[in-house]
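Report on one structure; see the data block that follows.
For clarity, chains are labelled A, B, C and D in written order, and residue numbers in each chain start from 1.
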């Protein structure tokens, strides 16, 4: 579950865990309706943002907690603790107090504690956000490995799109308490269903305009910089925002021969405003009228571009999407 | 540099506080060995005659037993309802939380004897004359402020996610409070419980109006003994109570320690 | 799904706020019930006498309180409470930090010395203070040995003795609630503040003080309430030359048989103290939010 | 003053408040009614008297009456407050209080008259010992003088004016007027200021306060808590307590404390210890019998030797060295009881 702070993703997680109750609707885990089931009988494992490790218990005590609450025999608990701790590679720290651990270790204890009870669903609430960048990336890989080993369903809550794209099979983008789109990472990125998803996941270039012609799932939109074709079904006269990903925009030095050559392409003429070097790629800002359009180009091409040059931007119509204009609506 | 000074100052203040608090107690303990009937220091010689006298004091054991019953019960009840109220106040979803927090301390703002007179007339006006129950109810009012105030402070820094974590791990709400919040807040619970127990065990301004000839708490008996004669009997009695409290403190220290140990082996 | 039929984003609705609120109300109810049934109602009943005159409602009992003598009595109570609370805080606040740092036997001894005095009756401790503070007592002997004074200074039955005794009796109620909070304090926060460039003093004022405010407010509220309403302490340590609201109330009810006046003084005491405690709680809250 | 003596009466709002509270309290704790065993009786009185009454007096009476006496020893004013609250079903059948407390108890209708038919000894007491046609009687008269530290003073104080002697700066303690024995200092002050005999001086209160003010440099403390004051005297921190009485000081002396009681030349005073029956109390006949026993020569002889008090039954025998009861001045307690609240306030204002 991906979304900005306050969008309700943690609340949704708490609803799944049973720590909050819905006013309406149902929650089902593996087909079982758990809406009225209290958290302690839902068999979910939660890794909290703050980890919520019990300060009065040791590492092993924390991991054993869920099983000992369930009244399992001591030998079984000991075995499970040992197994789970080795899973998170902390078998040597069982007797430590949790306050004596580093952030990454604490995170792994929290994970081990959630895993030890053999939950049907694992819930992660911003579980990696407290870690520094390197550790976070390391943990992402390790978590993926672990989750594959265990084979449990895991729900991550995060506001970090990279983390979401890296770790998930499916992503629910949330905004204002609603799911904007539920899709696999690729679809989500390539076919964002809403303007919000488009804006929240990755970069975009947008133009505001009015639908001039419509038909067959395609629209032609008049924008401040000319007519643009896009995928979408709107009536003529609707206010829309057309958008595409910067990497689809190609900067073409003024080569007259290309004009109109490819029917399935949009093109806009403008002037290069800035070239921002970003390693393997560069970001290029092109001014067209009073609009600024974002494009990306491989370093090799970008090095030939200079601010002030005239430039034409070209991109495929199939990668251009039209969305209702939220401001016009308001 | 400033930090080191501050730490030094803190230790100095703590040392001064400890000495300051213990000096009158040591004075009492020393005076209890007086060979003369005068509650005074210095002593010439030492004697245990005032300890021997305690055994002969009439009504001492029933009074001690009553005081223990009332103190333990009122503390137990106050701990439960005071902690619940503190949770409600600290979690902040309670309308008028701040007003309730202040109101919960208000019984301490009344001189005990006013509370005693008020409760006496109130109970009698309702035809309620059972001394034991009246004492318990009155002591609940006396002990609740200590528990509530201490727990509100203690809970302020408590991370309630711990309770939620325990719930997702299989604890009921009550179980999570008992297995996680209570041990994690052991110092606060210990403080609240001891405040409450001792406030009840040492109370006389409220009790004096509610006790009767058959049902007297220890402080009321002690007041009677000192009225009979201001001799070192009271010093001896106080010294014994202090000794018992030391044992109680060591025991609770051990208990908390044991609890921690139990936690590690879980 | 087409773009045209996308739902309009709506503002966040927190789930079932009523349920949480009802739970909180449920939790607070037993304590509130005890307060109302066993404190507010009995006092209200007793205090109706303060406005009950021979011919209906009257405020004449309150008018009596407004005379210079009784305003002086109110001031005595406040002065005792303020001095006691202030001194107890000055000693208790730093001491609670040392207590939180102490480990092992040292901590046990320190904690014991805080709880132990609560087990000794105020009357016995007053006897002890008399022995310590009298003209040939320990304190005067030490002062003279140190050459600080030439002849014994009178301490018993003075305001000094009163405040010393009151601080002695109420100090644990300042230290222990603060300690309970300080002990939970995450020292990484102080370190974090230091890495942000805060000097120790600034880190203390901006980070540590606000975090320990719940403990401070608890300590101040307890000690102020206890010392402003103290009856036995002033009676035994200074006597009649320092009349307080408590001793005045006691006299009115028991000796003078003037429940009306006693009730009026009781209402005044409760009002003053509630105001002071509510104010300190509010200051604590605004300070904590800074 | 009469206005202030009115009992608490439930009004309308009060009743409704009680109903709310009653329901709630009943829900918390079901009331259990404790009934006294048939041959048991509760006697209320000052805590200070508990030891000698329980040790030396009650066992004799219990044997005689074949009954059990339970002694409720509490401060008189607290006892009065409890009697008032318990007036619907009194717990104490017999109460022992000083006359100044008997007077409000009588005014509030808490005590009931005794008759010579039920309490024969009532008719045999010295004149002036029975008040208001048998509403209460003085069963003993401790005498008051100046208690002094034998450790500090080789010679007992000879006159009441010694309390004012400049040699005793901060060495003197006097009882608060809130205590019955606090009256003696006021009375002596009036006598010293006006030169009139006690019987006339007792009404000269302005003069009394004037003289009393000049005692301030000598005062170490004004006590309401007697044990603390006695302790200071026994330690030798205080040299004299003005207006202390025999049933306290001489018992301490007998136990070995370095204190004694002097009767100054101007005369000593009779403390007014009264006994009465509580109105509507259980075990009425037994109460009569207990009061009669306490007024009997046999018991009063025991009291005299054990508690150092003057008997009020002339048939009782007194040990040697007791002051003649007739020389002890007994003041107008009704006047004292009426004025006490005002004097207390004035005392606090002027002596603070």
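We adopt the following convention: a contact is a pair of C-beta atoms (placed from the backbone, for glycine too) under 8 Å apart; a residue touches a chain by one contact, two chains touch by 3 or more.
Everything numeric in this text was worked out from a predicted model, so none of it was measured.
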| item | value |
| --- | --- |
| Selected interface, A-B versus B-C, where C-beta contact pairs are more numerous | B-C |
| Chain of greatest Cα-centre distance to subunit A | D |
| Whole-Å gap separating subunit A and subunit C, where each centre is the average of the chain's CA atoms | 52 |
| Where subunit A and subunit D are represented by their mean Cα positions, the distance between them in whole Å | 87 |
| Centre-of-Cα separation between subunit C and subunit B, whole angstrom | 16 |
| Euclidean distance of C-alpha centroids - subunit A vs subunit B, Å | 55 |
| Residues of subunit B touching at least two other chains | 39-40, 117, 121-122, 125, 137, 223, 226, 230 |
| Shared-contact residues (touching 2 or more other chains) in subunit D | 8, 14, 18, 21, 25, 28, 78, 81, 227-228, 231, 235 |
| Touching residues on subunit C, where the partner in the complex is subunit D | 33, 36-38, 41-42, 44-45, 48-49, 52, 54, 69, 123, 126-127, 130-131, 134-136, 154, 156-157, 235-236, 239-243, 251, 253-260 |
| Residues of subunit D defined as touching subunit C within the complex | 3-5, 8, 11, 13-14, 17-18, 20-21, 24-25, 28, 77-78, 80-81, 104, 170, 176, 178, 220-225, 227-228, 231-232, 235, 237, 340-341, 344-345, 347-349, 351-352 |
| Residues on subunit B engaged by subunit C in the complex (per definition of touch) | 2-3, 6-7, 9-18, 20-25, 27-28, 31, 39-41, 80-82, 84-85, 87-89, 91, 93-95, 98-115, 117-119, 121-122, 125, 137-138, 140-141, 144-146, 148-150, 152-154, 156-158, 187-188, 191, 194-195, 198-199, 201-202, 204-205, 219, 222-223, 226, 230, 234-235, 238, 241-242, 244-246, 249-250, 253 |
| Residues of subunit A touching subunit B in the complex | 17-19, 38-42, 44-46, 48, 50, 52, 54-58, 60-61, 64-66, 68-70, 77, 95, 113-114, 117, 123 |
| Residues of subunit B defined as touching subunit A within the complex | 159, 161-162, 164-173, 175, 179-180, 183-184, 186, 259-260, 263-266 |
